[in-house]
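First comes the structure, then the notes that go with it.
As written, the chains take the letters A, B, C and D, and residue 1 is the first residue of each chain.
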Amino acid sequence: MRPVEVLGKRWAHPIACASGALAAHRPGMENAVLRGAAAIFTKTVTESPREGHPGPVFVDYLDEGYALNAMGLPNPGPDRMVVEIEEFRDEFDVPVYASVAADGPEGFKRLARAFSGVADGLELNVSCPHAGKGYGAELGSDPEAVAEITEAAVRAFDGPVSVKLTPNVDRETLLEVAAAAIDAGAEALTAVNTLGPGLRIDLRTASPVLGAGVGGLSGPALKPIALRVVADLALEFGEEVEIIGVGGIRNGEDVVEFLFAGAKAVQVATAAREKDFGDIAMETSHILKELGYDGPEEAIGAALPEYRERLRRLGWCQ
Amino acid sequence: MVSVKPIPAEVVENREECERTIVLRLRPERPIRWEPGQFLMLGISGVDEKPMAFSGGDDREFELTIEIVGPFTERCADLEPGDVVWVRGPYGKPFEVRGSRAVVVAGGTGVAPLVPLVERLRRARVHVTSVLGGPHADRLPRKDDLEKLSDELYVTTEDGSEGRKGFPTDVLEELVEKECPDVVYACGPEGMLVRVAEIAREHDVPCQVSVVRYVKCGEGICGSCALGKGLLVCRDGPVFWTEELEGTEFGGVRRDVTGKPE
Amino acid sequence: MRPVEVLGKRWAHPIACASGALAAHRPGMENAVLRGAAAIFTKTVTESPREGHPGPVFVDYLDEGYALNAMGLPNPGPDRMVVEIEEFRDEFDVPVYASVAADGPEGFKRLARAFSGVADGLELNVSCPHAGKGYGAELGSDPEAVAEITEAAVRAFDGPVSVKLTPNVDRETLLEVAAAAIDAGAEALTAVNTLGPGLRIDLRTASPVLGAGVGGLSGPALKPIALRVVADLALEFGEEVEIIGVGGIRNGEDVVEFLFAGAKAVQVATAAREKDFGDIAMETSHILKELGYDGPEEAIGAALPEYRERLRRLGWCQ
Amino acid sequence: MVSVKPIPAEVVENREECERTIVLRLRPERPIRWEPGQFLMLGISGVDEKPMAFSGGDDREFELTIEIVGPFTERCADLEPGDVVWVRGPYGKPFEVRGSRAVVVAGGTGVAPLVPLVERLRRARVHVTSVLGGPHADRLPRKDDLEKLSDELYVTTEDGSEGRKGFPTDVLEELVEKECPDVVYACGPEGMLVRVAEIAREHDVPCQVSVVRYVKCGEGICGSCALGKGLLVCRDGPVFWTEELEGTEFGGVRRDVTGKPE
């Protein structure tokens, strides 16, 4: 497959390891790359090291189409993650983007500085649905907060910045949040973080299954939501930013669906459980060829004209 | 899609095995097919969830050997028959049965997956010499079981209060020369495992060790148990042939729960 | 199983037919009741008859945990639905609630009048994710709009009113919308409508699968989201309103999960495809007995103390 | 969970069968196992989706007989070999094969599911007398197929331009007396079906009819095709024994796309 240019770097193919999956530290990044990821988004780093939520942190309901997770952003803090990235770079020439989270612009600024000259880009996690008070989706559903945070990070970082969006808002807010991120200097949008949060209850103990109580929904059932968000963003902002799709991608067909919806590249998390990134890239390549596309770039947004047509009928589009 | 959901399991027995160590006997709502070396995630509602090796019994009722080291395992110690815990699994790759003479080396609670391994080996007509080491006589978990199951058992204690004074690796060094085993299996503190691997390599004996890292999701997604060279303890391990571990963080970096090297 | 008192009526058990499923007209209501539904929520009625969206209006991805639908609120209008309900009542003594949707308070008022003296209650649909401009979730994500609509309907209707909520908002907005509905006189909240909307794309034609382009996500994967919303509402407003749970319920265990989360009753839609309401009621009864509950009422909110505890740790609860 | 997703199907042939009627031959990406009487949802991307009875062929390549009555079916008429449509199914219950002598009554495009039924009946060694009626000689779809497949075929037209002048029910009345069939099968305009049911009841002949209602989801959820007495056309039909239909809206209320009686 032809390489793609994403977030200022050349990726061997459009499939990256999503933040939250694997890249907890150097050996985690190594796992993702050896299994064929074209780029790495680290686990989210916060200003201080975090232990994460008590377990269970992950529950697999994949026979019902989803998994729930509430890792709670465990991470070794920026100083250590910088070392992990540098050690990883000594061995591998693959783009690494640092996912970061704080509870406001100041924190994001400090994190952006910490990764300047180290990471190839930043992904601002303003969308984790189970990070708790003051973090994640609480910020990412507020356009003003997103504007301030993005601006702070963009100023303090010497590379491209993507804002990772929450799907847990209404359509109007989603577009406002995205516009705020773009106006503040984001070069890309990552869509979407996990859904919810969701709750499952043990009947025997009458209490939540997950240690944190609630967790983000990922897996195949997230895909239609993520695809709709990607398509909405692409229709509205496709000329201005790169869109990186994430949510429920398991195979080449899923990747092509995201490309058709307007994503320039994608990330995989939950499916890393069962499949290598490289295999998904191979499948993508085959399917694109079968459908008559020379490479992924050509397929980007192929479904948007017809999508726009349908939205017009709903009165949601000019 | 294969799905491994938590299922309730009833505590059938919770016995004090030795100082700071319990054996928990659980009856899961549905049988769990497991092999020696595999583990499950043991959850106590509202407390936490931790990986634990299967340590005896069968699919319908199995045992876990648990050292009391912190708040979670303290809660385990408080469990009483009839209490409900949650289990999901099995996870990981089991030990491989190979050859006709084996040496099994257990350091402290590292004995947990080795008890059913010895049982399995004997059923496969493998001659088993076991070595169990601990700090003192009251910290030799599953000693009686190992004694009953193995062809021979050597015991070591650091203070000499039982068996030989010293470490199980001291015994291993003699055994690999004397017994010419086809394979060595080990589980215990990582320092011990590194030494076991060295001894085995020096004598050209294949060796499997069960490695401990922070396993959080158990499903190969979260990356916390990544060991380097693309290996994940939860999926590719916890049991590895020692040559697989070369060039990894095994014997080198140990990370805390945040992912930071300790 | 013991009967329950919901929305001012005695239901034989806590499982009703959800709006959108089956009750398109008298014979549809009949189908639901003959298959054991304890109460009927009609398909949503708008001020004028609607033909609905072009097909496909329903696509079954249940092997991935969900279905997408965009019926587009087809309905014969209030005059005719009144006749359908009256004809149904001639034969069956089962509570019937009219689901209604308009694009503002005036429309809701007219619909409320139309069903006064006819329906046992109203369910305000301010949450359909694919109804298009001016309808459904667009209104339901705005607390002020919900307040005005609810007040208009409550004043014009001679029975209890439930507001059906959208899950497609952030946590804070959800609680604001719910508070607005309660302050305006709603006696119940129905949680939740379908998720999204979601998008799936045909690779062959590079266009959306659903006729309307996008559709609401229902089925098992909706359950964790719905359960979390129910639990959040129950913690906050459980003393003030009845909560009716809906989303992904397929069996008795699911029903008990909703009861534990604080729902007083539940509705079933997508699973009507494969199962009778009466069978789900039987299963519920067995499971409640097994768990040591004498009836559904006792089980309501059983998981809330522990849920509150977990939310406290996340800083989301006092 | 069983899932019926839309799959692409290639148009292999689109032939004009008679005035305002086409026969579409489709090759689905994966075979669809169907029985005579069952239907699928036929979708044209960006246009609409409608229920259509299987009307011949096999699992890998089958036919639909489609009357051009509105915008959707006009688009069907424009389809060309190589075009891709979307199909999901099969849905509904098929006709039941019973007895050794059958009369099959087709009114216009109602012939669609009856063509493969007759084929199936003959394979089961049932003697089949078919009746096909239409307004005039150019509106007798699948006449040649029925002729070839049936033991005997009667044709009626309202204007007498072919076969007997009148309605297929006129012929049926004679046939039930003369042929003493074990069963009558019918599909066509509801008025005709009501009359067929009456004739069959009067002569105590079991009778199955295929009923048309607005089928939207096809999956038994949306309720638009509910007929009364708990019956859904998409799940419990479209083929019913006529006694099942007593007390339903069959022969009474027909509803438009909004659900309003017409």
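Going forward, a residue touches a chain if its C-beta (ideal position, glycine included) is under 8 Å from a C-beta of that chain, and two chains touch if they have at least 3 such contacts.
In this text, all values refer to a predicted model and were calculated from it rather than measured experimentally.
Student: Can you name the chains that touch chain B as well as chain C?
Tutor: A
Student: Return the chain whose centre of C-alpha atoms lies at maximal distance from the corresponding centre of chain A.
Tutor: Relative to chain A, the chain with the farthest C-alpha centre is D.
Student: Please work out the Cα centroid separation of chain A and chain B, and write it as a whole number of Å.
Tutor: Distance between chain centres: 36 Å.
Student: Averaged over CA atoms, how far is the centre of chain B from the centre of chain D? Could you give it in whole Å?
Tutor: 66
Student: Provide the C-alpha centroid distance between chain A and chain C, rounded to the nearest whole angstrom.
Tutor: Roughly 31 Å separates the two chain centres.
Student: Where the CA atoms of chain A average out and where those of chain D average out, how many Å apart are those spots?
Tutor: Whole-Å distance between the two chain centres: 50.
Student: Check each residue of chain A and list the ones that touch at least two other chains.
Tutor: 61, 64, 204-205, 207, 211, 220, 306, 309-310
Student: Please output the residue numbers of chain B that touch at least 2 other chains, ranges allowed.
Tutor: Residue numbers touching two or more other chains: 45-46.
Student: For the complex, which residues does chain D have touching chain C?
Tutor: Touching chain C from chain D are residues 1-6, 8, 41, 43, 45-50, 84, 86, 88, 216-224, 226-232, 248-249, 255, 257-261.
Student: Within their complex, state which residues of chain A touch chain C.
Tutor: Chain A residues touching chain C: 61, 64-66, 68, 130, 132-134, 137-138, 141, 166, 168-173, 195-201, 203-208, 210-214, 217, 219-221, 223-225, 227-228, 231, 253, 256-257, 260-261, 287, 291, 302-303, 306-307, 309-311, 313-316.
Student: Residue numbers of chain A touching chain B in their complex, please.
Tutor: Residues of chain A touching chain B: 20-28, 30-32, 34-35, 43, 49-52, 54-64, 67, 69, 71, 74-77, 80, 84, 202, 204-205, 207, 209, 211, 220, 269-270, 272-274.
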